[in-house]
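In what follows, structures are represented as structure tokens.
In the two complexes below, chain A is the common chain; its partner is chain B in one and chain C in the other.
Moving on, here comes the complex of A and B:
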């Protein structure tokens, strides 16, 4: 069962060849055994998970339920789940037990999925390595001295190590796709507005979007079928008819136009990543796709624009952590202002403070126009580049990350170097486009390489189709790290 | 123009984050590095370009001005650092 994908497990449950209680026990057992090696989870609660599994089994026995019923799903510890400690990997929320369910959690509950645990991550989703966690770094299942990527590193590592068939994540600048690439799993960030942000702890609200990790594209379609949908409690949730994201999986790729941005294939990408990505492009051509060179002339400005906009929004969003209504409060203080200052100094980690300071600065008097408004204008230029490019192609393909996973500790002392790890993933967030990463080979130290697939607005079904057809022709997504195989 | 220590102190005060002298110096170095990266934006010609505040150009919905939530005060205050008689307790602000 360890090697089975979400789709295969769903079939096995429906045919009563396995029970949800069995799958849940197996997942809990693997999570416990991998704890020291990976540190992928912050909280597990076997009693709660098993209670959900028993009701899922009852539901299946009544002949009810659908694809996710009885499936163990790991959730990034950024989604509030009622009665579950929800920490966002921060000391600030170390004792925070959520009083309500995030929309995403509610959708999985309604689908009968089992909440198997809350995964480790970069504090408040700020990071590209999952090293910025109050609970210690997550480790890459392919090699324990390397990072799993971030910020959703625990979810990516859990799926890669076959602890769970699928997991949720959030993606503000690459936090699903970059760890998916670095851990050798599939991950998708839908079009902004498709997944409700209600109960998803806010980092940069105009960019944050929930999404999913699984072994393969087919499974991601099932996840999106559960996660997406209009929610009036999120003011940016889009009121659109419900889609079946699996509907185009079997469509042949003949005639597909794949855009290759010339800016992505110049300098900056490591040779091992380039070789794997070019191999994937050749495989897409062999499946009948045509490649066209496109240009995203402003793509070089994505990282600078992001590091104005995301910190600016973060500084406003994280102002709520004041030690008054919930979360950490400093034990000693002189007055109210001192209580705020000490609470925030002690409750936040270094990277979170750094981004709050940057955000506060760029929004402060005299700098707002030069930084914030200019970044918002550049954001529109970047979005327009994509709109123009998509008149020539159906999907855009390139590397997810310029390198394979780097060593734990390698980039912690140099924030700018760390930020450049997201050089290819940030632009779709700025534009609000859907994007995904699928495994496409291995590079240095036997570490995985990810292929980045970007779609037009609401182009998820087509992207998943491309990824699924690619995965039918290749087996990179079936490779498991030796230490966690079978 | 690189930030000096007084700039960092001012920003930290605005953000309500206490910083030690050692942290101030580290923050100065890191923030100047980040702002150096961000400086590239100044070279972009954005004349006549409307700022883009959101990923989708949609107008935020308004909802009817109706009470939809029930009273959850006791439950929400059960996770507060300090409460008394249904009120959140903070240090005295007015003498």
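Moving on, here comes the complex of A and C:
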């Protein structure tokens, strides 16, 4: 049961070979046992989860279940869930119990899935290592001294360690794909606007997008079928016809044009990562795909543009945490200004404060044009590069991260080095494109490598098709960390 | 040497939508604190704004009414600052690209008609309120008002006196109610002005301005501007310099005092709100809104002048509210062929306005409607009642005694036009007043009026005055 994928568990539930209560108890048990080793969860609430499991079983017994009915799903602690503590890994929201469900949570509830717990992450999704958490760092299931990536590190680690078959995450600059790569699981960030941001605590509104982790691509298709869809409460939600993301899974890859950006295969990538990625490209060719060299000439500007735009938006998005209405308030202060200063100084961690300061600076009078407006121009250029590239190819492939997982503490003192961990993943967020990462091998210290697959707008079904065909031909995604194998 | 006062106004009109600018919470005034604040209004984590279509429509209506440009794409921006009444710590407003640009209104000031140009009108959300009483040294926060939709209307510095500024504010106030986008209730803060005031020598470049905040009555607006202009002139004449600052008017002391100077002004760090896409307004939408626009006050005034030959003052009074103007149009239509528009105008500016003012009602809520008034005028013109009796009938109609015909019947007010009956009464009056008869015959015209009065008195005013005159002249000359 531990090794079973989401799709397999769904089949077992439907055939009544397993019950949701059994799966839920097993997941809760594994989460509890892995607590010290991984620190992947911030909050679990067994009573609530089991109550959901019982009603899922009743639903299945009535013959009414959907694919996700009865499946334990872990949610990044950035999604508000009614009655659940929702912290965003911050001291600021340590005692915040959400009074409403995020759209994503509501969709999973409606599908009959079981909310198994809220996963640990970088505070307010700011980070690439899941070390920036008020609740302590998350550890990589492949090696406890290494980071799982971030910011959705708890979700990635939980899926990699077989605590849960699937989990949600959010991706602003790589926060699903990079931890998926570093933990050896599959993760997808859909086209901006497909997953409602309502109830998903904002980091950088124009870049944030909800997505999913699972063992394999076909499971991600089931997750997207639940998560996506128009929501009138999010003005950036796209009103499009519902689609079945699994519809193209079995399509052969013959004739597929795979774009290889020359800028991604130059310097900067570690040799172990390069070897794994090149192996994956060879596998795609063997499946009938053609590779074409493409160019994304402005890709080198994506990190600097991102680190202007994301902090700018964050500086305003996080201003509401002021100690007035909810959340943390400093115990002692002299006056109103002092309350704001002390509350925010004490309630936020170092990386969050760094980004608020950067964001405030780039929006300030006299700097706005040089930073914010310039970064917006760069953003448009990057989006244009992709549109041009997709006239030559169907998907773009490369490394998800330039390195395998790094040691806990290794990059904490050097934020720029940390930021470069997302050098390949940021551009699709700036362009609003869908992108995913699938396991494609192992590198130094036996740590996993991820293959980055970027699709055109609304190209999720084709990307999942590519990933699924690749996963039928390979078994990287079936490898489990020894300490957590079934 | 003279000083010239230069004034521009920023007016906040609360839009009359049922729900807020970016949330579904209700906008009703006076509810218990924080009972009309949704998760979005109190800025819970993860909540998002969605623009209210009704508010956008009202802004477009305003743009069309003032002849401004409706931007096909306008942008909501975040204005960042911390204050406990501002839950997100930013206000969603419009900055670089407002929904309405340009336009103008014509105001009637003492010196005549004057065109005041508008810079822009933009959509934004209101903040909440701090309550300083009842909290023993602490402050309460009421977020019912947070998120209420506002249209901020910014004028060019085209006004040259407090009186002109008030005339402009009154015109704007009438206009927003006329086009039904704001209830105009100034006590509740639905319509409030900030005034930018500077002084200069005529012909000199603009002086340094001060902004006076939150003027919520026309009287305060006038007094605050006059006071501020005097203050600036005194400083300049004393050799001083004006410091650009924001000042608050204190109506109790009739003075303005400094709130903050330019040096400690906020850097609001405006940037486009990434939660809201640019506000797109289609040609079709504008056309649909345009086709439902009522005839505007200026057009009505021109028509009343040209079509009905009314004097300017009448056209102004008749267009103070849309209800009054429509009442006039309907009554004129209902009395076509017998009463003149001027006669209708006299009734509206006289008796009807008096009653409306007494009861604080608009013409649209009048207890005597246009068709009832037309019925009354018909009875004057067919000789059933005199003008004088008509006033009594009108009062009775206002008090709910029914139509003109019902009042006339119930009170027995029908004129005596039966020649036989009237002749008897005239004979009696002449017999009873030999002195006046003699005086008249001796050439004293005054005596005639006295005899007419006696006849009217004897008939309790119900005699047809023209008929009485004719009968008396006949008898006296005979």
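Note that in this section the second predicted complex is superposed on the first by the 486 of 486 C-alpha atoms of A that agree within 3 Å, B and C clash if a C-alpha of one lies under 4 Å from a C-alpha of the other, contacts with A are read in each partner's own complex, and residues count from 1 in each chain.
The definition used in the following text is that contacts are C-beta pairs under 8 Å (C-beta built on N, C-alpha and C of every residue); 3 or more make two chains touch, one makes a residue touch a chain.
Quick caveat, the model's predicted, so the values are computed rather than measured.
Engineer: With the two complexes superposed on chain A, say which partner A:83 touches: chain B (first), chain C (second), both, or neither.
Structural biologist: Neither partner.
Engineer: Touching A:353, do we find chain B (first), chain C (second), both, or neither?
Structural biologist: It touches chain B, and chain C stays clear.
Engineer: With both complexes superposed on chain A, which partner does A:409 reach: first (chain B), second (chain C), both or neither?
Structural biologist: Neither partner.
Engineer: With the two complexes superposed on chain A, say which partner A:335 touches: chain B (first), chain C (second), both, or neither.
Structural biologist: first
Engineer: Compare chain B and chain C by how many residues of chain A each one touches, and report the one with more.
Structural biologist: In the superposed model, B touches more residues of chain A.
Engineer: Taking the superposition on A as described, I'd like to know which of chain B and chain C A:232 touches: first, second, both or neither.
Structural biologist: After superposition on chain A, A:232 lies in contact with both partners, chain B and chain C.
Engineer: Look at A:378 in the shared chain and tell me whether it touches chain B only, chain C only, both, or neither; answer first, second, both or neither.
Structural biologist: Only chain B; A:378 stays clear of chain C.
Engineer: In the superposed arrangement, does A:102 touch chain B (first), chain C (second), both or neither?
Structural biologist: Touch status of A:102: second partner only.
Engineer: Is A:325 touching the first partner chain B, the second partner chain C, both, or neither of them?
Structural biologist: both
Engineer: Overlap of the chain B and chain C footprints on chain A, residue-wise?
Structural biologist: Touching chain B in the first complex and chain C in the second, residues 96, 99, 206, 232, 235-236, 315, 319, 322, 324-326, 336, 340, 360, 364 of chain A appear in both lists.
Engineer: Chain C touches which residues of chain A in the complex?
Structural biologist: Listed in rising order, the residues of chain A that touch chain C are 79-80, 86, 88, 93, 96, 98-100, 102, 197-202, 204-206, 232-236, 312-313, 315-316, 319-320, 322, 324-326, 336, 340, 360, 363-365, 368, 372.
Engineer: Write out the stretch or stretches of chain A touching chain B in their complex.
Structural biologist: Result: residues 96-97, 99, 191-193, 206-207, 232, 235-236, 238, 298, 300-301, 303-305, 307-308, 315, 319, 322-329, 333-342, 344-345, 348, 353-354, 356-358, 360-362, 364, 370-371, 373-381, 383, 414-416, 419, 429-432, 457 of chain A touch chain B.
Engineer: Which residues, counting only chain B, touch chain A once they are in their complex?
Structural biologist: Touching chain A from chain B are residues 3, 7-8, 11-19, 27, 30-31, 33-42, 44, 46, 49-56, 58, 60-61, 63, 72, 75-76, 78-82, 88, 90-93.
Engineer: Taking the complex as given, what residues does chain C use to touch chain A?
Structural biologist: For chain C paired with chain A, touching residues are 39, 42-51, 78, 80, 82, 84, 87-90, 141, 267, 269-271, 274-277.
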